[in-house]
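Naming follows writing order (A, B, C and D), and every chain is counted from residue 1.
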Amino acid sequence: MSNNNVTRRGVLKSGTVAGAGLAIPTIFTASSVAAYTNEPGAGSVKFGFNVPQTGPYAEEGLDELRAQELAVEHLNGMGDGGMLNTFSSKVLDGTGILGREVKYVTGDTQTKSDAARASARSMIEKDGAIMITGGSSSGVAVAVQALCQEAGVIFMAGLTHSNDTTGKDKKANGFRHFFNSYMTGAALAPVLAAQYGTDRKAYHLTADYNWGYTTEEAIRASTEAMGWETVNSVKTPLTQTDFSSYVAPVLNSGADVLVLNHYGGNMINSLTSAVQFGLREAQANGQNFEIVVPLYSRLMARGAGENVKGIFGSTNWHWSLQDEGSQAFVRSFGTKYGFPPSQAAHTTYVQTLLYADAVTRAGSFAPCAVAEALEDYEFDGLGNGKTLYRGDDHQCFKDVLVVKGKENPESEFDLLEVVEVTPVDQVMYDPAHPQMGGAEATLGECNNGA
Amino acid sequence: MTDQTTQTPIAAASASSSKGGMFGLAAKDTTLFLVVIGLVIFAPFILNPFPEGSAMAQFNAGYPDLMQRFVIFGILAIGFNILFGLTGYLSFGHAAFLGVGSYAAIWSLKLFTLNVIPAILFAIVVGGFFAWVIGKISLKRSGIYFSILTLAFAQMSFAMAYSVLTPITGGETGLQIKNTDNPLIGGPTDGSIGRANLFGAEMGNSFELGIGNWVFTFNLGYYIAAFAMIVAFYLSIRIFRSPFGIMLRAVKSNQNRMNYTGLTPKVYTLYAFVISGMYAGLAGGLMVAMDTQVGPERMFWTASGEIVIMTILGGAGTLIGPVLGAGSIKYMENILSKINKDVLHQWFAMLPDGLEDVVVEFAYIFVGKQWHFTLGIVFMLVVIFLPGGLVEGAQRVSARFGRKKKATDTTDNSASTSAE
Amino acid sequence: MDQIIVQILNGLDKGSAYALIALGLTLIFGTLGVVNFAHGALFMMGAFCAVVTSKILSSSHKVVDETRTDFLGNPLEVDVFYMQDWFGETAGAAIMDWAVPLAILVSIPVMILIGFIMERGLIKHFYKRPHADQILVTFGLAIVMGEVIKYYFGANPIQTPAPEALSGRVDFGVWLGYGPNAIVYPMWRLVYFFFSASIIAAVFAFLQFTTFGMVVRAGMADRETVGLLGIDIDKRFTFMFGLAAAVAGIAGVMYAPIVSPAYTMGMDWLVLSFVVVVVGGMGSLPGAVLAGFVLGIIESFASMPGVVNLLPGINQIIIYVVAIAILLIRPRGLMGRKGVMED
Amino acid sequence: MAILSVKGVNKRFGGLQALGDVNLDVVENTCHAIIGPNGAGKSTLLNVLVGKLIPDSGSVVFDGQSVLGRQPHEINQMGISRVFQTPEIFADLTVMENMLIPCFAKRDGAFRMHAIESVRHEKDMIEKAESMLAEVNMLDKREMTASSMSRGDKRRLEMAMCLVQEPRLLLLDEPTAGMARADTENTIELLKTIRKERGLTMAIIEHDMNVVFSLADRITVLAQGMPLVEDTPDNIKGHPKVREAYLGEAQV
């Protein structure tokens, strides 16, 4: 892979070639200038923000974009600095990164892996982006992560919850701050057992694709370890909107808990159906019937309105957290945009800062140097407490929030309340855990590209 | 490029052999073919008209990924046009063939060899076979009933690939080459991730030419795909001008007469269907060769709809129309969606502050997250004002500017009827 | 057995949504000969009529509550609803609660108007154009409509609940001789079914028993002949387009509490509604309705846990399997007429 | 010798007896006309001959082989061509292309994958098509789109398309229906000339008695699906049964 993806845009824009004179063609050869893909020039460095702007996850994507723009502002020393002030690492000082101004390009993933890769490739090939971040689904995350591995740039994943991203599909150039299905299961199960008892029979409705599978697997494993029994599990098509025929049989199935392994629109509609069929008020096996939504998204939960009240789930981050970092982020985001940020916004903001920090600490934009700086890096002050970027699988380990739909919301943003902060030790797992693809899955070698 | 007509006059038997043609094509087709070859070869220049770093550089499309997409979707649309443009059978499930071709190609790369040639050939065969099976059943019906049958098969393929067939298709996350893959012939031994190549030369290989502030990228993958498109385009011209092509147009025109002339319209249509399935398989194989990953949404009905729209937008039944349609849709998708507010502010920075904000707000309705809006409006405008698609637009423009030239040219060919 | 009854109810429910949309599509196709890819978008517009009505009814002004704070620590601004200002606490709340049924009244004129504008401004120029052109232009229109909705309402689904009084459940089982809680069915879904059934009946009655309807039916059978009789069929067809839009719109309003409206709805319904129409047979109104219910019920059965666990993935493809089977057995769908869109 | 022989053919549509025990022999190198009032079963009989309908009983033998159960295109390949009441041509194609299609069908059979050869190089076929066009006086219209021609021209084109296949039996379904007087005369002349030059066998359904009597060698009269009489034109002219059948029709 001697001369793969040779792209010299950064160099050009900084003006080194511009003076070479119009008439003389310059032919770049493989090893002439750069040591790695899209090595930035002296003046600026470009990030690629690749988020869904159309399709069902557009709102989350746009919220990610807001946070990313905010992060760029903070890195360049504008605004109030946000989490830079609370971040445990102090190498970022608001003068850009390694003296370069941070610029960015944006693209639309459409929540389709083809479109996401096309958009990412255009950022790498045309705009000279040094890093790609964002996204709101695991399919896209895995696809773009593989692309970045191949092209030799760093991928800082956005919202992706499937185990696969840092499990069986992990890559040396890819990093995930967001939590995953396994962590959700490990955090949620004890809370559920405490709330609902250990003698429970669960019925799973699972979105029929990879994320659904890993989430169901994780929740089943964790709840069954607590003594729950899984009476049935039914896969539902991603494109389903009316879940009545899936929800109707639940009440007479002998189950007393319904687990909705659904996200986004699926979650809104299945939850709505479940509530319409009276599951929330029903009794089964002499106990109150309960509904669980493993992965909550506050943005999406708004679409389910009243129906989320009292329903347990987990989330990566919530704006109501009282730690310094979260407060600082909510303050600067809220001041700029007028509403609190979502967990998707939070994770991309943090990822952008973490990348910038790693570059600064490494003293280089070279992907392998950055990766090394991120690996096994411990930090604090970014809203989730003490966090470890584990080197074995490039997954962040941090406390997990177990949340519940709020009974008496005070505003349209105030939908969830944090029930418990599950300590990180409880959600830790072995990198070769079977749910993570086992021992066979490896990161591979980091790739500097050119 | 104004001679995009399906009906070329057939020279009288007494006339001397076709004048001026090459490659076994008539003179006009030769011109068109040479123009297309020229455009394709020089695409890295043509698509990068703006200097790096200038405000307009946003509109440059001369980077490998998009150039590859232009020619690959061009192939797809050319193939679709052989079916739809000639026989009038509207397949609403063509993305399925693109998808199975892609899956076939990636499995070839994963299991057999990282060389793209077998992968592409395999994709063509699988695409063609899949088309044969679906065509055989769907062609029992015609008109919209045929369309819905093809749609149903494609949607089934999508749904299965997304869910129950996950072990074969990778489900939602699709398939990529992994470092654990161990192809029979010549995989990497150092545990790195294999890359698609052509006898060792990787698809990502490029060299760049800097002239002043311009940078032009010449990418190996693009030229391989471009070669495939030129061959595909050439074959489509030959098919259009062949007895078989006339038969396909006869299918569209009057199947009853065909039957009573001793011909089997269904068999002709099936062959057209399989050929266009092979074109789709080729496109799918090339997509994987250029960018080694497949996702099931490649087979979703919107992808099939996109193929239909590319063809109609460019001009169904014309030779070059589908390629133009494919290019313009992919251009909008990849260029418009990347224009964000920041970029707009840069463009309109020279305006006074208040005005700048107003202009940016207005312009932002059409780009960035709203690029679909522009797409919808363009569809409507084209179909309202240019019933023959973009080709008709090109013809009108050249008719306006080239009238003088035409006048001297009429003796040559009075029968060049407009494209349909 | 009780499960089968529930699934039949679910099927009727889904089926009535399919049938209503398919009916409108067939009306437009049958009378105007236009393939309207924007029909799903009209359905979506209807659903957003409910959203808008509910937004208007719950429009509010801010009152600062010094005792509480918002997420940034500033004093909380509490929404005070005009409806409650004007009509008092309870009456105001009741009006807001009944937003969806009230939205029907809003949607009828709005959707008829949208239908008129569409037909006069765009569709009428496409009567003589090939179906492919009609598909492209209406598809473009559907995208534009979706994007306009996305621009104003965002991409997320917006919850639009049914009135409190109608969001309870009916214990069906007791009536049928089962024990309590054996067959419990949401009340709004029953309302939806009976409402849809009466709309369908009303459309048929209208076509069957009014002079206007007779002319339209004659026009569906043979457009030119009716034109020769000196009847201004165009004006009637414009009205038919308005009617079809209104039917789609009402269906959308009533559906809003079942599936929260989102801008992607139009595209979600597009393919499915065409499958229903074609399975029913092009140009046949009874066929469209029949196919809607048949596919709805079969889909519900295929979604039962026993069936899904026995044949994994069957719920993903059942609609298409049934569509293929029906089209192969019956060349023109369930009740299609010969020669309609067969070439 | 009879090239086409129809024996005891019956066809019912529900309660309606469309054809009842029809017997018919078309002798080589003759023109056999089938006449009868509306609803007599003429078109049904023609559809049976070309394979569009399958009779309930009876046999249809063409040149020693049964045509029953064969597809229309197979029957055409056996040597039966059909001219329709309303011209069935390839309206979107040029006249020349319209002519080439039957030429290819004759040479290559029901299907051939000749996708790479250029039409321009099919000199033999072009020549054949041109000479046929010349025969029907349409050579000047060779590049016209068929749909833009007059109805008479379309009819001539269809006939040329059938004739260029050199059929052994040409079936004509009211070839002059809706034609102006002059066109009708031309058509009759054309058919006569072709018969003279090529020795063509024809079966013709026609309302216009003028056409029938100027072309036919034998006439079969159908009424209510039954063959009434079969005889030479001269004998048919004064036949009382025929009069009765036609007068009966006139009274309705």
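Keep this in mind: contacts are C-beta pairs under 8 Å (C-beta built on N, C-alpha and C of every residue); 3 or more make two chains touch, one makes a residue touch a chain.
The model shown is predicted, which means the values in this text are computed figures rather than measured ones.
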item	value
Identifier of the chain whose CA centre is least distant from the whole-structure CA centre	B
Farthest-lying chain, centroid of Cα atoms versus that of chain A	D
Inter-centroid spacing, chain B versus chain A (mean Cα positions, whole Å)	34
Rounded Å distance between chain C and chain D, as computed from the means of their C-alpha atoms	53
Distance from the mean Cα position of chain D to that of chain B, given in whole angstrom	45
Contacts with 2+ other chains: residues of chain C	150, 312-313, 316
Set of chain B residues in contact with two or more other chains	159, 162-164, 372
Chain-level touch network, classified as line, ring, star, complete or other	other
Each pair of chains that touches, named by its two labels	A-B, A-C, B-C, B-D
Chain B - residues contacting chain D, complex	7, 9-13, 18, 24-26, 235, 238-239, 241-247, 249-250, 252-254, 256-264, 267-268, 271, 275, 415, 417, 420
Chain B - residues contacting chain A, complex	52-53, 60, 63-66, 69, 159, 162-164, 166, 171-174, 176, 179-180, 190-193, 195, 202, 204-213, 215, 217, 291-293, 295, 297-298, 333-334, 337-338, 340, 342, 368-369, 371-372
Residue numbers on chain A that touch chain B, as the complex places them	1, 3-9, 12-13, 17-18, 20-29, 53-54, 58, 62, 65, 69, 104-108, 112-115, 117-119, 121-122, 125-126, 137-139, 142-143, 146-147, 149-151, 162, 164, 169, 208-211, 213, 235, 237-239, 440-442, 444-445
Chain B-touching residues of chain C, taken from the complex the two chains share	35, 122, 125, 129, 131-133, 135-137, 139-144, 146-148, 150-151, 267, 271, 274-275, 278-279, 282, 312-313, 316-317, 320-321, 323-324, 327-328, 331-333, 341-343
Chain A - residues contacting chain C, complex	54-59, 208, 232, 234-237, 239, 241-242, 244-246, 248-249, 251-253, 265, 268-269, 272-273, 276-278, 282, 299-300, 302-307, 319-320, 330-331, 334-335, 340, 410-411, 413-414
